[in-house]
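Below, chain A partners chain B and then partners chain C, in two separate complexes.
Entry: the complex of A and B
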């Protein structure tokens, strides 16, 4: 699978345009490189090839050679080597490019092939686009517009198949809409390694079903919904919630684990409706775990902090910051940072800790991984804390050391950046001994005990970067505005820092990054706006001696402390 | 430019008395006393609404009392002043019309925004939203000017259906053993 650094290039001709492609590229990918769209349903770049939809039929030709002497046959009219066109069309997904291959996607035969395939697919497809959730992102819709005949000759009754079949807790199947492309079957078998789906019966009776007694309930089941080219598989969570053309797409990062799955957050008018994966061949291919898709629910969950509180009474941000600064200055402070904060927030947390002369702690969240896209470290940004210098070694399993210091009286104020200190291992009696400044999104035991509470934003409501397990720095963007009464973490931290007598630093990523670049060696050559959508690998050698918790996942090997660029495909 | 002075014709004696002109005017007025009245006694009398009139947008039921709207939100999308707001929902299983699967949970049309353009009616794939004869909307506050789903069905009533598309679908499902 691993391609050599300089793959053998071969030249193919797509609709008259010459292009060099690596050996082994199939015709769809070769055509894509010259900007020619070959319509397809069953082909998926990350799955095995079955070639059962027949939509990608194209004409193929090879340069003519004399059978006996193997000498090129020159066409006297043009003076070039003649091309022997195959008399019948060939499927572009399962045909690999060979030297001198000619592909034609515009001939009358190709057009007729596409029209014919579209007509067959539409025979039994219910035309219920108004009630179909896939409408707007449906390949069948797009390609019947682009390559179909435009009218129907079918006057007989359409097929009747089961509708509203629950394949699992999160996936619902409408068999009438299924075009039998088998992408979901291949995904379950090859990527999720949970082979529960299959076709039963023959001909027009063919239906997609689960193996008897089994359910499509693995943590990757919703990827089948993403790759379904039609509306056959729908997410029970997103079903009938909103039409996709209303939704704004924002690039984000899954904060569930340190894999840093690239995601798209779909929102409308400040409400997030769903999260889907975004292709990143070095991190998550085109997949994401189901568990990361429901994280948006925390935005509207009950218990969201709505106003700053000082000693239990509502205050405005300025007086809350002033009260917090009063607790910090002159006291014996400890800062509990978070592996869920962005790099920028961790940088400001470090600055605040340095200003207060405090030791910084991080809460460890090591749990179960699945060796695919859920890693064992449930903190998305522990490496960000290392890179920014907030911590110099990996977080301990509990905050016991901080607890001891509280007990011994060497800490009188604890600043918690979004971490529930009770859940992190401190006892209520220990917390009663200190003044707590809590910056966070939701009410919890710590916010109840805190002297100063300042509401901040969830990952969907702010900009920032995370450093994932590969030491890849990746950006996430603001999808929806935060609720009234809460402020951006960066604003709060920079206000707190200057109120505590520290330097005045930028309160948004754009103005903060120059300071980060000048002070953080690993990020010295970077600017926020220059980080590509697929992230940038940082030099991880300064931390190569640390024993990270992660096990191998997709595109990640823990043994290599400096993860090399993972292969594509 | 030369200026041509035009001399006004002197008035005759009859003209100078004004009497023929006054009588002529009175005759015209008197003529209208005996003509049929053109004035419509609104609101007791209502004008005849021509076919194709674009009145208040309403939601309609089919003759079997099924709500036709499937909340596809195309009207919400096409509405130029963004007067329509739909919350989609699914039809509960066992409701008798569950083969339709989808129906609006909430459907609001803000009549302070509506411009009566009729694009919603034109775009509706289910012929569920119709601009009918109702032309006057009034209320004591802004909230009263927003037609909710109940009000929209009350205004819309039932219209004849040419296709019974969903009934055909149900017949195909229940008949012929459920296949073909």
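Entry: the complex of A and C
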């Protein structure tokens, strides 16, 4: 990737510490770089700046210059240039760094400003933390502890506003908790482009509401819940399910499309409770689609495969692998890999296909995108299959070619890595002609027809990497253990590979990666543990001639060079 | 010292018998002659005249008008807009309404000269929602002026054209704040914008450079173009040039509007001589000199300090009666000239109840955008209204002051100051009355006490 030209750096002074920041950095971000927290509510790095919460007030100073000579004014006591401090506090969110800018966040004035704003925000706030879902991740709680006075002088009646307003199918609003920061309004308008939220009424009685007759039901509505600094907006799915401080956070990737939205999976005692976006300025900023947030439900959905089966009867993993190996050895094999498998699984799938002398196929999932964070390719990892060499060209819309080979008798065994072959374009009569080995998480038509079924794990139950549409390799981690009876895909594939006479490779990402690095040119310099949390961009030039399906999304533009090909089928 | 005569510049014809607000009457009295003269000059000359005149904005802040015009970003290539602030909402102020109702063509002439001087081709008069009659009068006057070719396309055969539109507000005080007003014209909630970066001179209406001037200010522009900047600057006092309309309301014998040279009349002359002094049997207690948001002044107070007189500093020791009614003197003693609304209170007034009234206004009008003003103004209102409803506590005065101190200087727009200053100054000057209020409230009203009028 081309690095942006080094931006002009300017030096600013935050609480006595000097730091060089790019021009245009605001005070909050500049302070953050030296580890100074400037509390704020309305400011959000990815939204426009309104400066309405007034929590980020700081003192600002500029180096003194003699008005006539423009020469710096030196303070004789210190020998340094004197600083002219502004008598009024300044909002840090809307003030950009300029050369020599001084910021003071520790003065009595700043302390007093923060105490004042905290007090004001709390006087009409219901203070119902014990029954509020936001408790534990509430900025009001955090900042009143950090910067508030700790007591109240308010003895009047609090304002009464609507409670439990359903803004849309997924978002619940409590107006009394709202601090009117307008983040949700700006998000809906600027990012989701669905300008349905707004304030009505005036002053302290201002009330957040949805435009009459409209609903906040776009596929990004839950981001408003994420960015709401207080408990005003809550998710109808997560509400009252679990206190956030009990939840474990695991970094993951949204598998619904090739955008590769970075996520955090929140779980407790083996149960996932919610998925939220994780900031990645090159992929999804701080957003994610609503549709990706409910994917965790597949973990406990009905139809989960619970035991390995050989010819319909329950078997243990070893005998199932043995049975599968028997179907592969000496047979005319085809392997249907998956764009939903991790890079590691695809690597092993390739090895297995090579060992069996099989041709590898991938199931295509091209659909509708929204040009934001849902791309047209619903497979999260088609690029991974290219990078690992599982496939060399883009998957065809259907498995018609495989069907023809089955019909002609040149394939007798099909190994499917989690793909429903019927849904992918093969007919029941074609499937009846072959022996099927099925590795997957849930029951489907193919698993019902398979000779050997081996239960594997969902993305939440294992480690691995995906390569997204930008050719960015990103890690996901195991949030919860898989159900008993299922095995890690890597374990199954590596066992299958060695049972089929192939080499013995590592059965977890750590021990597998040295082999991957040595065999996959694009990943040759990498190790699993070295991939940063926000991913690593791979060199995509070997695949620059392919006509990928994706249209432009938030941080992705399709390569102009690649000519659009008509879909072939 | 006897009070000086009124100097009627803007209100020259306002009380003349037979003077009507139609074009014929205006032209008969020499109307639009200045515009004819002005369009023959270079625009830059007119801007220079205004700069030389030292005219300060009459809306409240007293910002030099010529400086405002020079701050305009003229290189952006975007159109320049003039927005006329006719959202006269400051309690105690009623000068613009008289101009609009009785002499609308004077305003239109001022607007056209300003537009010509600044190469503006679109002007918007933002008139408050409570002035439906004013809006009708303006619409009619604009139509008349347009028909007579004083505005609209190609005025007076010069090739220069400018359209004036009337935009009616919906009745919100905050629309008088220039950036809130601009948002309102754009059809949004009138949330004032943050400055920087949204200075109207650079990023104003529709993100284009914009001048926002008060009605009275623009009328003065006509007289500056007429007399010349030099000559105009001789009216009034240095740095406080021209005339000023003072709107006196409250407990005086003759409330009303009075136009004087700025700084030539003192508070005492205005209240005792011009307005006839207190009502029979009463004495003056307090006066708010520049609209309800200005800090209150207490009769009997003395103001001491040093002030600039010409080039040197001189000591001053003024009673309230000695204060010259100009921007600088009023600012010097800790209040402001503001919008020129002089509100007089006599000894029948309870300062707690007066403040309760003011706080009710400001809490009702706070737009609700930024925290300190939104929450603070309502809190102060809740305190003062609790006090006057019989549940006052002796510590409420101190609490009120502390709340007000948390608002001023920390908000997006000047409304923070506007709502905090009354409370701050009432407590500072009449703190004892607030302390004694809980007891006073319990005592039955003395039979002889005069009723509120």
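Here, the second predicted complex is superposed on the first by the 555 of 569 C-alpha atoms of A that agree within 3 Å, B and C clash if a C-alpha of one lies under 4 Å from a C-alpha of the other, contacts with A are read in each partner's own complex, and residues count from 1 in each chain.
We adopt the following convention: a contact is a pair of C-beta atoms (placed from the backbone, for glycine too) under 8 Å apart; a residue touches a chain by one contact, two chains touch by 3 or more.
What you see is a predicted model, and the numbers here were worked out from it, not measured in a lab.
Once the complexes are laid over each other on chain A, chain B and chain C both fit without any clash. By the touch criterion defined above, A:245 reaches chain B but does not reach chain C. Look at A:130: by the touch rule set out above, it reaches chain B but stays clear of chain C.
By the document's definition of touching, of the two partners only chain B reaches A:161; chain C does not. When the two structures are aligned on the shared chain, A:153 is found in touch with chain C, with no touch to chain B. In the superposed model, A:179 makes contact with chain C only, not with chain B. Remark: in the superposition on chain A the angle formed at chain A by the CA centres of chain B and chain C amounts to 90 degrees, rounded in steps of 10. In the superposed model, C is the one of chain B and chain C that contacts more residues of chain A.
When the two complexes are overlaid on their common chain A, residue A:23 makes contact with neither chain B nor chain C.
In the superposition on chain A, A:111 contacts neither chain B nor chain C. With both structures placed on the common chain, the touch criterion links A:199 to chain C but leaves chain B unconnected.
Closest CA pair between chain B and chain C after superposition: 10 Å apart. Applying the stated touch rule to the two superposed structures, the overlap between the chain B and chain C interfaces on chain A comprises residues 157, 159, 204-205.
Of all residues in chain A, those touching chain B in their complex are 126, 129-131, 135, 157-161, 163-164, 204-205, 239-243, 245-246.
Chain A makes touch with chain C in their complex at residues 49-55, 57, 88-89, 91, 94-95, 112-113, 116-117, 119-121, 123-124, 153-154, 156-157, 159, 179-180, 198-199, 201-206. Those residues of chain C lying in contact with chain A across their complex are 172, 189, 191, 194, 196-197, 363-372, 374-379, 382-383, 386, 399, 402, 405-407, 409-412. Interface residues of chain B facing chain A in the complex, by the touch rule stated above, are 70-74, 76-77, 88-90, 93, 99-102, 125-126, 169, 172-173, 176, 178-180.
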